[in-house]
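The two complexes that follow have chain A in common; it is paired with chain B in the first and with chain C in the second.
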Partner chain A sequence: MLETITFFLPEICIALTAIIILISGLFIKNRNVLTAISCIGIIASAVLTVIYQYDPMSHGIVYASGLLCIDMTSFYFRMLFAVIALLVVMASQDYAKNFESKYPEYLVLINLALLGMTLLVSSYNLISMFASLELMALSFYALTSLMNTKQSAEAGMKYILLGGINSAILLFGMSLVFGYTGSINIDDIFFSIMGTADPEIGLILGIAMIIAGFSFKTAAVPFHSWAPDVYDGSPTTITLFLSTASKLAGMATLARLIEIVSYGSPTVLAPKLAIVIAVLSVLSMLVGNIGAIRQTNIKKMLAFSGISQTGYMMLALAAFCLNAADASVSNYEIFIGLITFAVAFALAEAAAFTGVITISDHIKSDKIENYRGIAKQAPFAAVVITIALLSLMGLPATAGFIGKFEVFASTHNTVLIIIGVLNSVISAAYYLNVIRVMWTGENEYKGKIEASWLPLTVMVVAATLVIGIGLFGFNYI
Partner chain B sequence: MSILSLIIFIPIIGAIILALMPKVEDKIYKYMALFFAMVPFALSVYLFIVFDRSASNTIQFEAVHDWIHAFGATYHVGVDGLSMPMVILTSFLGMVAVLISWKEHLRVREFFVWLLILEGSILGVFCALDLVLFFLFWEIEVIPMYFLISIWGSGRKEYSALKYVIYTLFGSAFMLAGIVCVYVSTNTLDMVSLASSGILSAVSYAPLLFFLLILGFCVKLPVVPLHTWLPDAHTDAPTAASVMLAGALIKMGGYGIMRLCVTCMPDMAQHYALLFEILAVIGIIYGGAITLRQTDIKRLIAYSSVSHMGFVLLGIFSLSEIGMTGATLQMVSHGLTTGLLFAVAGLVMHNAHERNIAKLGGLGQTTPKIATLFIIASLGAIGLPTTSGFAAEFSIMTGTYSSTVVAGTHPIVMIALLGLLIGAGYMLWTVQRVFFGPKLDIYNEMEDANNLEMFYCILFVILIFTIGLYPDFMTSLIKGGVSAVLAML
Partner chain C sequence: MTLEYYIILAFLLFAIGLYGAFSRRSAIMIFISIEIMLNAVNISLVAFSKFSAIATAYGHIFTIFSMVVAAAEVTIGLAIVLAIFRHFEDIDTNDINLLK
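Right, the complex of A and B next:
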């Protein structure tokens, strides 16, 4: 029993942090103190994760009556979410003046969302999956509508309506799977799928609905329509959190489910699933990239680019299905590709959004045309955004290239590889456009644009890591 | 750290130092940039001298380090007879490019930062022996070139810079797809072992792979009809960038075809040789014909590159020792002659403030030094005996005509010979219109080349004649490198 409790220490730590901020927020009005508490809590939870959640053998430990597990997926994504949450809290330092009075609640909600994500990637049971997904989603519904603006309220409303429908579909899918396999435990589902040579249509439908449900969180086409408006209306820090952590939480869960299904039934379900995932992936890349070219608002542009990045990540999921029957391809290799891409993506987004927050805060606009020549006023932020966009584009010597290379290679499919790289070229059109605008011409804003030290740290750390991983590889996993 | 790594990274480290150092006078940036460009040149001259010419078919000065574990990419650099001439050419042009930009006064620090990064990345392409490392340098080069054209260029500079980037990225996307496919199907990224094992020819989709890999190089070389970025980029780039672009950068295409496509997939190269020979001769004639119609002096030189690079492609796909040696020599020779042509055209533009050929005239009387240099360069470009161009083009023609590996090259060589005639036509006609004829009063006050400008132009002239009179000084290296390629056939 005591051993099981230690597994929960990271979660307890996050929950405690949330409660402490909630209470202390009543009488502490100093933003720095609250930020510090939150940062310490998140760092402590990450340390506890390393101590109690790391399983070097990666056999997978199932605990809490089969609700949760420890394996490679859960460990690396937990660490990644902790890092992202930390970066988001740090990046909020300047931006928080837009919702000064709600700052304690803002931090509490971020911590609760983080709690939901960590539980989600550890879930080994449909019920715990659903419950932690809802914890994450509910926190985000509140976070997106935190600002006192029309757009923010609209974003929150849109997200909660579509999210609600999505939850219903997801739950329906889960109930179908439960009905046809007789269990909500992932292991049991695995074994019951393994036996069937001719799966029932209801089971396939159930699996499809679950995939649709999590694809909604990853903003994959055709479940993406909420993303641009919600990203645009939300506070920019939350856009960062939503577009990285929430998306990756959905992606990690999808990876877990798809891996189970395709290895449970490599000859029957995997080929069917491969087509579905590959189509979702290619559609996401195309719609994301082509949509992004038309955008004039940088947040919306990043939203669409995020959709295309989802498409690249989905290639790794397709790789699970495509190579399920091929013993020479280990799912370890595919997983490494996915996590490397996820790390590269999260770091680049963190760098880009923090740069955007810094600049937009001064020029009071998110329009790309208003960024003209901003490199003169904000040289540092411009360099960071440039590095981030080049990484998202997948230029060598940035982390994005390493991630893309591994993900493309893991598919072992020439057609998907070619589609992937061609999409990278399309994406160059809008990434380069922003870079071109920033570095040429003159801006109307003449003052110096500087960030305070916390957002500055975020930018330095994220950009350095992007270049560092790009130059030296991601050799330590 | 191996000397080769120093050659690649000194310009890049120099660029980082320049970018981060406190603000000082412009003059100091120039001297620092010159230093960081001279050291790699000195080192590559040293390597050129100690290079073991009897073993130039093997990789020398090799360095291998662990790099990216996830897909087994290594930091692997080295040179053989094929890449050594390119390395010394690039480091020479890199140094001269700094001297050419001595009068630059707009955002001087940034300019030299980008110029040095450009030099480092091109050198990296010629030294890299790992596909991912190769691709890394190949792509990095795009960024400095983009900024050099779009900030310091002239004319429609932003348009030309973007066009250059889009073409390059488009080509290299296919190359990346090819590299990923190579990795997936062979599990190795090492160019040396890929070449020696011949494993790529056994891949089930070998033809597709061959075209994926070659497309990026064809854009860079450029092969007609993928050449349309070239005149815009060359014309609108600042002089130093034009010299690097025409002198070193487009050679990456020819080098890549030999190093990767022909060496690793020789049977595919042989199978599609005739197709590329035809494309080459189209390039020679079409490029030459269009050059005749140009009115802008820089654009004229740019289009002549299309024609000259056609000869390179012709030589490579003759798949014979003489032809490929000629192609490599042509790349070096073109780097020198076109480098000099762009440098002198830059002087004309700078001193006369005019680049329209029709509005220039009689410059031979006001600026004799510029005229002499330009005439020497154009004779080199025509391929007059005693210049480097002659040795190169002669070997290409004989090599292609006598090729035993590729059948049906005789009519192609016959047509290609016409290209020489067209070349003589446009170069001499240009010389006549710009430097001879009646003296125009508006150019009475025009300055001639100063001492510094004479100095670097004469360096070019010396090299052009050295290679022309004693081609063995280069070909003794190249032959070995080429024989390694042909051993695969």
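Right, the complex of A and C next:
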């Protein structure tokens, strides 16, 4: 029991950081100091994760009485979330003047959301899964409604009402799965599903409700209706956090659940699940891409593009169900595809949103038409946004291409690959439109647009990594 | 009393809550509907735990977690409803549609 305390050191570090900021926020009014404390805490937790949570043999260690586990997925996603949280805190440096008095609470909530997400991807039990999901969700409800504007309050209300309904559905699904398998432990559920040749309707309903619950967090169609409004209304830095970390946390958990269900019952449940996930995936791609084309607001356009990216990630989940019965396809390959895509997506979003924050902060507008010719005023931010959008589109020599290639290849299904590639072509319409608007014409805003050094670092790091992964592949970075 | 009765009760309560959550327009009523749904879940969890072939306490523990989370959610929810009322002087979800 006592030795497992070292496994908790990253979490303890994040929680301590949150408490320290909460207390020191009462005395310290200097934003730079608070940012520094938060960055140090997140970096320390990432270092502790590498030391104590890295599992090179990837055989999976279950600890905390079966509540949490260490495996390859949890390790990679924990590191990714730490990097995203760090980038978000750094990118907030200029933007935080919009909620100056609430800055300590803002950092505390970001740390608590990070804590929820790191626990969620390690969860090996329905109780810890639900509790950490809610820790993440409750922090995000507060974060979305943090700014003292009508839009922010409305975004928070929409998110919490739909999120509350969603968590009730998720919880009901969990209770049904518990009732029909007799356990809440992922391993026991796996063996229980394996042991039943003919699963009961209650179990299928429970699994469907859990999938619906996590699909809401990943903003997959038809559970996406909250995403554009909430992304638009919340502070832009939180939009970045919500559209990457929250989405990927839901996706990682969904991957874990779908993996055990489809490998537990490769002949009965997996084919049914494959259809459901493939339909969710194709719908997300189509609705996301077609919705993004007619958006005039860049935050909403990025929200819809995020929905279509969810569709591509869902392809990797569909790959679990499609290839469960086929022993020649290892789930390792599919996980690598999902993680590569997730890293590429998160970095590109971080670059794009930081650029948008920098520009929108000066021109006081999120409308795409007001970005006309902005490349003259903000050449660096425009280059970064261009790289990020090209990566989201999946242009070769960017990280997005590697991610899409790995995901498409892992499905081993020609129809899904063709649909995915066609959707990438559709998506070029709106990504290239933004790039065209930025680089042509004249902008009304004549001043120089420059970011302070922290957001600048975020843009440099994210854009460099996007190009680096695109050129050298994920394994060498 | 057997397990079926409890599960039917839980499903009925859940359906009532779900209907309320989608048909009501006042934010407070939607929160009450969500609470009904969560209580339906609690009934089903406890019933499954009691009648399960292998006697486990997981359901009871899960119920405590779900009650705590529900309380926390309502706390944040009411705070957001207060913020909404300050900005809009109204909590009718149909009238709050700046973000379109």
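We adopt the following convention: the second predicted complex is superposed on the first by the 475 of 477 C-alpha atoms of A that agree within 3 Å, B and C clash if a C-alpha of one lies under 4 Å from a C-alpha of the other, contacts with A are read in each partner's own complex, and residues count from 1 in each chain.
Heads up, the rule we're going with is that a contact is a pair of C-beta atoms (placed from the backbone, for glycine too) under 8 Å apart; a residue touches a chain by one contact, two chains touch by 3 or more.
A quick note: this is a predicted structure, and the numbers were derived from the prediction, not measured.
Contacts of A:Ile12 after superposition: neither chain B nor chain C is touched. Of the two partner chains placed by the overlay, only chain C lies in contact with A:Tyr141; chain B stays clear of it. By the touch criterion defined above, A:Leu395 lies against chain B but remains apart from chain C after alignment on the C-alpha atoms of chain A. By the document's definition of touching, neither partner reaches A:Ile61: not chain B, not chain C. Contacts of A:Trp439 after superposition: chain B is touched, whereas chain C is not reached. When the two complexes are overlaid, the chain among chain B and chain C that reaches more residues of chain A is C. In the superposition on chain A, A:Ser175 makes contact with chain C only, not with chain B. When the shared chain is aligned, chain C comes close enough to touch A:Ser183, but chain B does not. Residue overlap on chain A between the chain B contacts of one complex and the chain C contacts of the other is empty.
Of all residues in chain A, only 126-127, 130-131, 134, 138, 141-142, 145, 149-151, 153-158, 160-161, 164-165, 167-169, 171-172, 174-176, 178-179, 182-184, 202, 228-229, 232-233 touch chain C in the complex they form.
Put simply, chain C touches chain A in their complex at residues 7, 10, 14, 17-18, 21-22, 27, 30-31, 33-34, 37-38, 40-41, 44-45, 47-48, 52-54, 56, 58-59, 61-62, 65-66, 69, 72-73, 76-77, 79-81, 83-84, 86-88, 93, 96-100.
Residues 67-71, 73, 132, 135-136, 138-140, 142-143, 146-147, 150-151, 158, 162, 165-166, 169-170, 173-174, 176-177, 180-181, 183-184, 205, 208, 212 of chain B touch chain A in their complex.
Considering their complex, residues 336-337, 340, 390, 395-397, 401-402, 405-406, 408-409, 412, 414, 417-418, 420-422, 424-425, 428-429, 432, 436, 439-440, 472-475 of chain A touch chain B.
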